Structure formats: structure tokens, C-alpha cells
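Each of the two complexes below includes chain A, the first together with chain B, the second together with chain C.
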Partner chain A sequence: MKRVAAVVSLLSLAAVTATACSSTSKGGSSASGGGVFTTIDGFKPGLDVNGPINPWNPKGNMFQGYNAMKLGWVKNTLTDPNQFYPGIAATWEIAPDNSSVTLHLQPNNKWSDGKPVTAEDVKLSIALAYTQGSTAFSTAPGAAGAASDVEIVDDHTVKITQDMSNPSVTFVRGVMDSFVVPAHIWKDAIPANFWDTLKASRGEGAEADKARAEITALSDKVLAFAPAKDVSSGPYTLERMNPGEALLVKNKNFYNAANVGPDQVKLLNYTGNEQIWNYLISGKLDNAPFTAVPADVMKRIGQTPGNAVVKGFSPVSVAMAFNQSKKPYDNVHVRRGLAYLINRDEVTKIASPEGGTPALTTTGIHQKPAEAWLGSELSQLEPYKLDVAKAEKEFKEAGLKKTGGKWTLPDGKPWKFTINVPAPFSDWVSAAKAVTSQLNEAGVSAEVLTSADYPLYLSELAAGKYDVGFWLVALGPAPYNIYQRLYGASNGWSILGGKIKHSAPGKDGNWMGSPETINVEGVGKVNPGELTGKLNTAPESEQKAIISQLAKAANQDLPVIQLWDYVNTQFINTSRFTGFPENDSEALRLTSGVWLQLGMIKKK
Partner chain B sequence: MTASTIMPEARSASAALRRNFWRGVWRVMKRKPSRMVGVVIMAGFAFMGIFGPMLYPERLPRDTNALYAAPSWAHPFGTDFEGTDVLALVVTGARYVLLTGLVTAVITVVLGAGIGLFAGFRRGRWDTVLMRITDMKLTIPGLPLLLVLSTIWKFTSAIEMGLVLGLLGWGGVARAVRSQTLSLRERGFVEAARGLGLSTPHIIGRELLPSMAPYIAMNMLIAVTGAVYAQVGLFFLGVLPFEANNWGVMLNLAVFGGGALTTTAALPYLLAPLLAILLLTLGIVLVVDAMDEIFNPRLREE
Partner chain C sequence: MTLIGVPGRSGGIAVVRRLAGHLARGLVMILVVTTISFLIIRNIPGDPMAAKYEKLVEQGMSPEAAQQAVNVLYGFMPTGSMWEQYLDYMKGLARLDLGQSLTVPGTGVGTVLMSAAKWTLIPVLAGTLLSFLVGIILGVYAAIKRQGKLGDLLAISGSLLHGVPQYVLALLLGAIFTTLIPILPAGGTADIMFEPGFNAGYIGSLIQHATLPVVTYALASYGGWILAMKSSVVTVLGDDFILAAELRGMKRSIIFRYIARNAILPLFTILALSLGMLFGGAIFIERIFNYPGLGLMLIDSITGRDYALMGGAFLLITVAIIIANIAADLLYTVIDPRVRSGGEAA
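Here is the complex of A and B:
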């Protein structure tokens, strides 16, 4: 009861401040802009008033696109990982061999305190990124796609070079996807000799190990660094916060400030989806990023004047992954039999009617980029449509027996199919229940087990405690990123020093336990992990052929059964602002902060 | 007189006493019809718990064309996210909830009454030790402990769940029974029993316990409601294994999956288990009210 009361009082507080803010802002609005843009930050469930103004801190009060800026904003197009909207960098040149990227910063960009944004800021931010570790800025020896050199060419130009001993096609993306903070505020967060330490960490031996440890040790210090006030290079600066909302005001020094519409942005606090539903129904939000919504609530949201839905591509699919160290899931015929028994259309209808489309089949790729990558080959793959007869055939081939209408293991022992899901993900719980209902009807005794939260779920999954669990796949657009979800570290393959290393099931985080090589029909014997590793370096012309082989391998071997592909369903309200991205816009994969800074949103 | 002539008389006297008792019960019940309602509700839940799952097929049928269907004759409380009849879920789910409640109540009462009686009657060192243990037990907050426990223990059976709730809940009963014992042991009839040289087990079992039986029985019923709230709460928070017909899971899915607090479609799905819990509580409260009067002659308005 107490919790409910707290939530109610928070909501009412938010309502009070909401009215207060909107009444003050009306006077100051200009003809082209003005107004308060209200939304939620999908990256920050639960605002923390005491969080530091620090983009790396998970509880930090830097909101992507609003007051937190990156070098560029990743578009996540269907197939090309290296497309960006400008951020701190206005333009960029990528070397033809992907060995370096030269960034030209916005010429007239200033921090909100009036100091110019320079190459020094970028360099210091990169140093800070090293302490946190990221794809491009990693001190791990042999990490693919890591930067080897950061060079200030002039005040507004920075050149970042890739370590070509172990290159990756996602290097540039890794660089661009980095936060930039003001050097004059953050310079004390790391020691002055940081770059020397970094250089020392690149070698081998005790010295290098010590240097790496020093950099790692800085991580917590950087995470805890809390500037006294927000000095932003984004379109907005954080003005004030309470537990119900964060209020940001326009940054007059922002390079594109003339085109930024609303004077203020309000980010509302939320801890669960049902809070977002209520905000939407009351018409408070000008935009809400992807939120799982039941059909009836969707209808209700649609009735509020001004509310509309925009849909786009989202490179995420959900699958049921097997732990092949456990019997009988080591047998491909069991996995195929199960795939034939699952009615994906029905599962999607029950679990994610508004936010998903049933997977066409299992390829490891979201169906939209799958069409782009595979073309006509996609239709030649086994679709695993619901087919009880085929399932029986596969189960019999695996040696399973049917006694008294129930399938048992080859030795006659009962077979219990247990699916694990994290309890807070209501769409996964419903989907898992729907799958077990379908399997139970077909004579496979099945049940759902839930874990208290997602981090616990992931740790237990990685520890190999589950037989079968829900697993996000197809996290594109970089093909390597897509396939490392199936044939990456969680399945035993990791890239070390430019070489692919395979660990036995149960070791080094290998919980999926696929065989090291698979005989793929029409392709021959393949090592899917090595093929996936190749995607990291192969030029685009070769990637298509590799992806085709991997899609066939995944389709035939089924390390996972792909259930549905997410649809990026967002909500907008057009009664106060116009210029929202249309259906299928690339901007839909970025926060509305990016829409605002690009000058798309205008007051009505 | 010989022993053989006394015995039949004694037997007939005790039979008459029993008859009088049931007549008294009947009178008490009749005075307030609400008490009859309580008994009927309790009997209904007992029936649901024992025979409920037998009324339905092992796997409840689903109709995927009627997700969150509105209440109708076929589905008095509508259907859930999969198109399964909500009433069927509540009925088949009653067994787990009630069995947990029963196990909890038995453990609470046996442990609580046992420790309370022993401590109160013996006094001295035993009393001090047992009551300090009880105090410590009472300071442990139940729900947070259960939340922690649920991360390592999956409470798949109702008996396990009841066992844990019972072990967490006996403190209050122990304390109350001890104070009752302390007061009763100073009464004349206990003094007389001691004077007759009767053994401690006899005094506790035959003299003290019967005077406290109604109090303990009432506590047992109240422990059932406590156990139902606790476990439904845990399932509602989603920390326990998923079982579609568990009342707590139903509440969770109705609110967080179906948006029952936001729109009306999933409202019957939310209300059905809530109503079941409400009815069960009501039934228990009404029966406790009746018991109070049956066992406490001063309350009888004869």
C-alpha cells in the first residue's frame, strides 16, 4: 500500500510542477519556437535527483540528445553501421581501408558557459571513454576495432586511427558513439599523464599489465565524478530536477540553437510501463520511445486528442535460446521438432501484438535487414511453420518416445521442457506461457520459470543454469554484432589478439554450447564462430556471402528459435508540436533529443 | 457402586455435553445469518481446494480469438491474455493458495502455542530463553526476508511455501499464548491440579490447552489469511515461479501485462482473484466471529 501511495504522490507532484512550468513558459516563447516538450528518457527509468551530471554513470543526469552529446548519432540503418547524424562532429572522413576517421567539429559550437567546443574536449572525452572501456576505446589486448592513436590536427579537427593488427568494420561506429564532455570541467577526473599510461598499456608484460590496471582503476573515479552544474554542448542544459521530472532549458550557445524549437524540455520520471501508459492517456507526452503496450491500452491511448503512433525498424528480435550442454537439447532434431510445434503468429499476437511481427523463420537476423542481406535466399530457408507431423518425425529421429500422449526422453524418463524468463518483462512472460501451452497441447510437458529481475536472469543464464531461455538476437546493423549473439562469446567463440578462440561448453561464458563445426546442407562443413569473426573485418562485398552461410547454418542448426522481430512503435502527440519523424524514419531509432537538436520539431 | 455402573453414566453425560455443544453452536449460528454465510464461504473454498482442479481438464482450454474477452455466460470473469477462462484459473488455483495457508496455519499454531505454553508454564530460565528467541524472530521483517529467500529458493510446492511462511509467523502467537498461560496458571483449578500431584504434561494438555483452544483456533484461521496475503503478494511482485492460475501471478499479469489499472479490458482478470481473496477473508472473519461466541460463554445472550 505504501508503495502505491508514494507513486500517487509522485504523480501528483509531477502534475503540479507540470502546470507551473507550462504557465511560466508561455510568455517567453517566440514565433518559430517556444513551448515545453514533454517526454521520457527510455535510457533512464527512475530519475535520480542525486545522480551526478555524468554521461557514463548509469544513474547520471545526462540525457542523450538533450544535454548529453556524442560525436555523431548512429542511424542503425538496415545494413550499414557507419551512417550517422552529425553531433559534436559536423562532418567526418573515413579512410577507404577503414583505418582512420578524421572528425571536423561543428565550427560555431560553444558550451553552455560560453567556452568553445574544441578538439581538446574530444581528446579528453576519449581518454575518459578508455577508463570505461568501449569497442573503439579499449585497453584489452587484441580487442578488435580499437583505436591506436588520437591526434589533434587543429582546434576543430581530430584524427583517430584504428589498430590495424586487429581491425573491425565497426571501428568508426565505435568512435562516433562516444560522449563528449567539457575538458575545462573534467580535466581533473583523470591524471595528467593519462596518455603515457595508455601508451604503456599497449605493450606486453608486467609494465603493460600495471598500466592497464591503473586505467581500469580510474573507472570508478570517472563514474563518480560530479560537476557542480551542467555545462552542456547539447541543445538543452539541465535546469532543475525533482523526483517527478527533470527540467531542461534551451542552450543559447548550441550550434544549431536557431533551429531548435521548444524552449524547454521536461523529462518525466517513470518506473514501469503502466506509468507511461497513464502519461500517454492523459496526453502529457509529446513523444514516448518504444513501450510495450497491451492492445486495449493502445486503443485508449489513441483516443486522446493529438496522440499518434509512428512505427519504424528496430534491429532487435527475440528468440528462445537452447543450452546444448543439457539433454535433449544437444540433439538438433529435438530443437527442430520444437520449432515445428511453436505457432509464432499466435505467440506474437498474445505477447507483443503492437510491438512485434512474427519471425519469418530463424536466420539470426531481423526480417527487414534479412531481406536486404539474403534477397531471394531468404525464401529458400526452412520456414518452420506449425506442423505437428514434421515435429513428430523430428522427435522420433531424436529417439524421443511418445507414451500415453506425452513425449519422453529416449531412456523413457519424463521430459520437462522449462523456459526461463525475467519476471518484469511482461511480454516475455506471456510469450513463454503461450509457448508452453502450445507444447503441452502437443504432448511436450512444458512450464515457465521466472527470475526476479533481468540482471539476475542474465547471470543465471550465463552460468548455464537454464535449459532454455529468452535471448535478444539480431542486434544490428553491423553483421558481426548480429551474429555474435548466436555464435559469439556466449556460444564459446571470442576474438583474442585477432584470432578466434573457441572455449568448451561451460567455460569462459559459453552457455549455449553449440558444436564447433556444423555440416550445413549446400555449404559444407562450417565453423560458425570463425565465420562470425570474419564479419568483423571482411569488406562489404564479402559480407553477403558469409551472412548467407551463417543464416543457413542458424536456420538448419537452430541454436535459437527466433520468435518475433520487434517493431519500433513510438508515440507522438501532434497537438503542441509538429515535424515529428514519419514512419520508417531513421531518426526513430534515436531519442527525441536528437530530433530536437537537428531542428525537426517546431511549435505548432 | 462398582466401576461398571459408573462408566455408562459418564459416557451418556459426555454425549449429552457434546449434544448441548452442537446445539449451542447451532443457536449461535442462527442468531446472525452472516455467520452461516461465513461457514458456507469456507465450505465453498474447501470444496474448491479439494475438488476444484478435478472439475476442469488438466490443461485449461484457450481461445486465442478471445484474448481478454469481456465477461459472458461462458466466461463469467472474462478470459486472460491467452484466452483462458479466468474463473477456471481462480478455481484451479485455489488449491495452492489454500494448502499454503493451511500449512502455514498449522505450523504457526503448533510452534507458537507449543513455545508459548511451555515458556509461560515453566517460567524462569526457559521462559527467558524462549521469549528472547521469539523477540528476535519478531524483529525479522518478513517480506524483505522472503524476497531475499526467493532468489535462491523457488518454492515450487505449496508445502515448501507454507513451511517458510509458518516458520516466519509463529512469533506473535507464541507471545500471546504465553501471556494467557501466565494468567491461567495462577488460577485455582491449576493450583488444584498441582495439589493433586498431576503431571506437567497433564496440566498443560488437559487443563490449560482446552481453555486456550478457542483462542488458538481463531489464531489459526487468521494465520490462513496472513499466509494468503503474503504469498499472493510475493507472486504479485513476480519473484516466485510462474504459474498461470496462481492468484498473485494473475494480479501481476492483469496490472503489468494487461493494463487493468489503465483500461477496462483486463479488469475482470484483476477482479476475479481479488474477489476470491476478499471472500476468503470475509468467510474467515465471519467464522471467527461465530467461534468467539461459541467458546466465550460471556458473549452468549441466552
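Here is the complex of A and C:
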């Protein structure tokens, strides 16, 4: 018994010492320099000590902006996908016809082991990117915006040329958005003859197929490649981690080390939003990226000293998408009637009061870039404001009948409007319930069904099992990416070998089932999938006209009803650090690692 | 060599035979459960790659690039017909190869499991033993004092805690000790600022972080132990040997030992089985306290449809339960002379 008591006493002493040491440790760090910046990595839910130090591995322990560096950091702009903050590249020159980009690397940048960052590192990283799937570095025949040549001009200059047989306006973005790793560590991950194999893969025929297969076969090896220690060119290197936290320490060799504030960064593990809420309520985090937060939790977060919210543009909207293979949703009047019955202001207030703004109308684009792309045309589109009379008119035009206060199908059979949503997405579930409540009040018998999780939801959606489901749209800023959500593979259009192909509803992942062509008022007959494909290659001057046609088509035909536009709601705590981005900053969608490396964050 | 508590050579042979029988049955059981779990896992609907694709396009990747990135991960997915996949899986198992994880591509399932298992063992083992010790001691007391207020109070506390779901307790304790009186950490295993090793700071931090999961687990299981022990003691109290001991005027402490020793026998079996369930983890507790054990790993593997990892986790749980069953049976033989001698002593 005495032994047990002694052990218990020792353990209690250790716990007390830990508490004491914990505060001492943090205090000591603050005194010696820039303090400890605590955050979570939005790209890495679920830290994993088994993950390799590999930026391409989904569980890799390289964290964007901290110890993982890209050539440049994409700015959060409304319409231009080719705006960047410097990363490994200090400056860049884009050819007027977008045919090439010449990168000038940071002149004084070194890896954390003291070796200089050179053009060889960039070239090897590009080779690795080819094995992992990348917009600019793709071996797929006819891929739009793929590079055709990578040339080392000198130790600190690399020129990358686009294959102009199928160019894309997002080519430069594809290049800049690439990770760079040290060649002296990673050189064994790919064979020495890689570039010859890549050259062979660009042709046609059996030899090219074989070469492409060889490159594809490297993907697993590259993904599993695990350097023994972190050699970083970023502002921090990974010191150690446990399943709950990762500790990164300042890399004195980083080109902008003198301006990097905190000495250390602590990344906390999370697997769900509620853990982030707890961290925020307890005041632990200096920054948390966009997190959906219900109103009551928001109130509690706001009560913690120093906590504040920064808001900005987020190119994502939520929509209710129809499966037009199912009746009566193949009838545009039914879709329009439903749009007139949904009060989007109310839905947004209930589902996403802090993280969303009600959609002005349905265009396929987020409201802010829609204003920039469409200008005054936006106000001429049908806003689909709550209007029961208009809804009734549309339903009657579709042949629906109202008996006993309930709308029925044209043949008099009952009509049940069923919305499917994934159960873990609390804002979508709330929104779907709000929509069904509004529809039930208007005489449309409506219900919500939830799927156990997102993978199940997506597979059933793609299999065409749902009548109506929630769907993310407007994923910009690249216009092609935006409209691909409405008129891409899920609606029958895919790009094969640079050519647009349309598949019938129910085939090749086409679960939306829109008609292949639509008669758009004031425009004429359009093929929205073909127009979307053109957005990939059309210069900016032509893009505006195409977007105008697509916005009109989406607004008139309503393959989806846009409900709300997401707002990038970030949390910061100003008790320990200052210099956080302001509202609507172009840095807001980047990790705080990028803010730190740009020298924005300073200790208070 | 003589087995502990087993008298003579023939007794030893009997135990070895019994053990061999158990092991053979256990192996068959493992094979059956592995086959059934394989079939269930492979037939879970849902497309993890579609979810990954959606995540990538949401982050701004072009649809084509996202598709390519997802195609890379397909290399870690099992291929071929269900039968071929089953044969591959069983061949791998025969070589003790559980396959590659899909959620941590390139990492063996065994590595991922072992990494998570240690964090489950801490709260669940500590919680089980703590609740067992407290539960049986208070259970004896509640039975002896069952006519008094304290006895009633203990029995009521047991019933109440036994009826409250683990997640409710976890949320309650979490709200109190991490938010209202924030003296304990809300998640993780240890403060990363401490160098891992045998030093006071690190060990103290481990204890701090494990406190809420352990206490929650202990409180959630304590009710069951106290009620089971009370019921067992009440049964023993009516036995003749207790009456005989009282009539002989034996000391109360000796009578207490008699009662406890006999009443605890059925609880040892339950304890052994509970220890076998250790690897099942404490899903709600780990999720709520963000404690990265097997329970949390199992949730992640199901969400990510990581078939190999799910299969490995179910296999580990199955093996642990079967071993615990065998251990419980053998333990009972050792601690209860009536079972050892085939009932002759009774």
C-alpha cells in the first residue's frame, strides 16, 4: 500500500511539475524571441506521426507555408487565377501569349541543412509532380495547360514552356502552385532517365503509352518516399510531433528569416469542427482557418479575450442540384417554381449565419466575382425572390395540380420532394430542413434524408439515386473550374484528348442529366459543356462573353438553385500576436504559415 | 515445470490439452470472423476517392488535376474480383502482412495499428483497472451496508453511472474541466514542448492529458462493477461458510476476506473479457477528447473507406477478445479450486 501511495505521489508531483514547466517553457520562449504561434492546418485534419515528411502524401508531415514551400502562393482574387505571393520564386515573367513563365528564384534561399536552393531542386520537384497529377505537369494526352519543356537557364532561373496545342489560362497557376523539395534528398525517388521517359511519353503509339505507364508506376514510390529528417526551405522545420501536436522551429536559413516573427509554431491535431471550437473557446489558437460554427458556439468563442473574426471572399457556393433524369425535375418550370418558394435569406440565417451570404440569384458563380464578370448584366437576370404567385404559375405551366392544399404530379399522383444531404455536414442538414419547412408551408410535400457520411453521399449521388442533393458550385477563381461544376462530368461533359464529349444521363458519372443544348433567351441555342470547355483556353477578353452566356443559361435553366455563397470566416487571437490580414485580404485563404513567411505576423 | 496452481503431472497435461483445444477453436474463430469482416468491409457503400476529389477541387485544383491526384491513390486500393481480393488478403495474413493503409499511403497497416494501440491502452487499461478496484471495494461495502443509507447511496451511484452513456459523461467532464474550470487539456496526448522521454515534465504532461479520458472511462465502467460486486457479495453472504465463520467468532477482517475472495470470482471473468475489449477502444471518449487511439483511428478508417486498416483493426479486436476468453477460462481454473478439480471439491 505504501508503494502504491509513493507511486501516486510521484506521479502527482510529475503532473504538477508538468503544469509548472509548461508555463515556464512557454514563458521562456517568449522571452528569448518571437514566442510560440499556435494554430491548426486546414489542409491536414488528423495529424499522423506515421506520415512521411512528404508534401504529396495526404498524411505527409509537411505543412504548407511552414516547412512545405511552393514556387508561389496563389492570391485570393475574384477573377484572376494568376496572381501570386512570392515563394521559392522571388519574381516571375509571364510571356504575353501565356506560352511560358520564367521563374527567378530567391537569391539567398537555403535549405535548413545549409545547401542552397537552386534550379536543380525546382526541376527535380517538377519531375516528381509529373508522377502525382498536376495541372501543368501532366502526361495525359491532350491535357489543357500542360508544360512542354522545363529549361534551367542558370542556377536561379527556370523557364517552363506551355504546350500551345491545347493551352490554358491557368497554366502559370499550375506551375506556381507546385511544391519544391530538395534534390539532394529526393533524387533517388525517380530514375535518372526520367526526362527521357517523359519525352517519350509525349508522342503517340505503343512507345508513348509504355513511357506514360512507367511514369504512372512511379507514383506509389514517390507518394511513400520518406526522408529521414525534415530538410525545409520554408520558415520552419519540423522538430518533433506526437499524435496531438507538431512542433516546428524557425529555419535560420530561410531567405526571409529576419522578418519571421514567432520562434516556434505549434500545430494542433483535429478531426472535427467541435475540437476546433474547443481550442478557440479556450483561447489556445492564434489562428484557425475557415470553420463552420453555429451561432451559440460563435457567441462563446467571441467571449474569449483576444478572439476576433476576419472575413473575406471564398470562391465556393452551396446549391441544391437536381437530377433531371427524374420526374418532375426534368421540367424547368418545376425547378423555377421551387426556386420562387425558397427564402434564401432565411435558409442562410439558419444554416450559415456567420459563414455565408444569401445568393443573389443562380448564375453558377459566387456573387462577388459575378459582379466583376457580369457587371450590369447581373441585375438583369431573374433573381428568383420569394414569390408564391410566380411559383404557382410555374407549377401550373409544368402541369402540376393543387388538390387539398398539396401539389401533385400531372397524373394526380402524390409528389414528394426529397432532399439528400450528408449527415456530418451540419450546415447543409439545417439548410435542407429549412428548405423543406418552407416548401411544406407552400403545399409541396417535402422531406430531408441524410446519408451516413460524405463518401456514401457522393457515391449515391453519382449513381443517380437522389432526386435532389446539395452540391458545391462556383469553385473559382478560374472560370473553367467554376462552370465545370455545373457543366462538367457530373452533367455529362468531359474532356478527352482535348476534345469535349457528352455522355447520356446515367452514364460516365452524369447524374445531373441536363439536356445537351439549351435555348437561352437573347442568346440562342447553346451547348453549355462546350462553352465551359472553351473557358480553359479562351483569352480573358473572350471569357467575359462566354461567362455571360453561361450565367444566363444557368439562370434560365436552373440545373441547380444557388442558396448561399460561403464567406471565408477566419478566427484570430490578437492577445499574443499582431499583423494578421485584414478583412478581404488576398492572403486570407492561405495558411498562416504563408502570413508568417511573408513577415506579416509579429509578437505583441 | 509445473503450471501455477495445477497439482501434479496429469493436471498439467489436462491444462495443456485444454489450452490446445482453445487455441484451435480460437484459430477457427479468427478465420471465420476475418472472412465475415472482410465481406462486410468490402461491401460498405461509398466512394472515398470521390470525397478526396471533392476536397481537392474545393481547394482550387482543376478538375483534371484533382482526378489525376486521386488516380495515384487508387494504386493503394485493392483490385480484382472479391474472391481474388480475399485470397490476396488471406495470403498476406499468413505472412502477417496486413497490407498498406489508404489513409496514410505507403505505410503498413501494422505500423498504423501499433501506433494507435498504445494510446488506447493508456486510458482504457487504466480506466478499467481503476474502476474495477474502486467498484469491487465499494461493491462489497454496499452489500454489507445494504440496509444503511451509505449502502443505498453507493448502489444508487452505481445505477446512475451505469445508466449514463459514456459520451454524456465525456461531454460533461470536458465542459467542466476544459471550459468552465479549464485546468485540464481538451485534447492530445502530451504537450509537444516537452522532450519525449523519462522526465518529469513529459510524464506529467502525459498524465494531465490522459486524466479526462481515464476518469471518464473509469466512471462509466464503475457502475457496472459496483452493482455486479454487490450482487455477488449478497449471494455469498447467504452461504453457510460465512455463517459458520461468524459463529466461530472470527475477526471481521477475515470474514470480509472470505466474502471478497468468493464474491470476486465471477467478476474476474468479466474483467478478463473487458481487458480483451481494450483494443475496441473507447470510440466516443477518444473522439470527444481528441485522444488518438484505436477508436478514433477506426472512425477515420471507416470515413476514409480504408479497407485494409479497417480489416486490421477488426482482426486485432477479434484476436484480443479470443485471447482474453482463453485467458479467462484458464484463470478461472487457477483461482477456483472447484473448477480445477472438475467439481469434486464442491
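One rule holds in what follows: the second predicted complex is superposed on the first by the 571 of 604 C-alpha atoms of A that agree within 3 Å, B and C clash if a C-alpha of one lies under 4 Å from a C-alpha of the other, contacts with A are read in each partner's own complex, and residues count from 1 in each chain.
Following the convention adopted for this analysis, a residue touches a chain if its C-beta (ideal position, glycine included) is under 8 Å from a C-beta of that chain, and two chains touch if they have at least 3 such contacts.
As the structure is a prediction and not an experimental result, all values here were calculated from the model.
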For this session: State whether A:Q303 touches chain B only (first), chain C only (second), both chains, or neither.
Result: neither
For this session: Examine A:Q484 and indicate which partner it touches, taking first as chain B and second as chain C; both and neither are also allowed.
Result: second
Exercise. For A:N57, is the partner it touches chain B (first), chain C (second), both, or none of the two (neither)?
Worked result: second
Exercise. Touching A:L456 in the superposition: chain B (first), chain C (second), both, neither?
Worked result: both
For this session: Examine A:N269 and indicate which partner it touches, taking first as chain B and second as chain C; both and neither are also allowed.
Result: second
For this session: With both structures superposed, pick whichever of chain B and chain C touches the larger number of chain A residues.
Result: C
For this session: Examine A:V49 and indicate which partner it touches, taking first as chain B and second as chain C; both and neither are also allowed.
Result: second
Exercise. Counting only touches as set out at the top, which of chain B and chain C does A:I281 meet: first, second, both, neither?
Worked result: both
For this session: For A:S376, decide between first (touching chain B), second (touching chain C), both and neither.
Result: neither
Problem set entry | chain A positions touched by chain B in one structure and by chain C in the second | 272, 278, 281, 456
Seminar exercise, completed: Per the touch rule above, chain B residues touching chain A in the complex are 59, 62, 64, 67-68, 81-82, 147, 150-151, 154, 238-242, 244, 252-253, 255-259, 261-266
Problem set entry | chain B partner contacts - residues on chain A that touch it in the complex | 272-274, 277-278, 281, 293-297, 299-300, 346, 349-350, 421, 423-424, 426-427, 429-430, 432-434, 437, 440-441, 447-450, 452, 456
Problem set entry | chain A-facing residues of chain C, complex | 45-48, 50-52, 54, 57-73, 75-76, 101, 103-107, 111-112, 115-116, 119, 174, 178-179, 182, 186-196, 200-205, 207-209, 211, 287, 290, 292, 296, 299-300, 302-305
Exercise. What does chain A use to touch chain C in their complex?
Worked result: 11, 13-19, 21-22, 25-26, 29, 36, 43, 46, 48-52, 57-59, 74, 131-135, 138, 140, 143-145, 170, 174, 177, 216, 219-220, 223-226, 240-247, 266, 268-272, 275, 278-279, 281-282, 284, 315-316, 453-456, 458-460, 462, 472, 475, 478, 480-481, 484-485, 488-489, 495
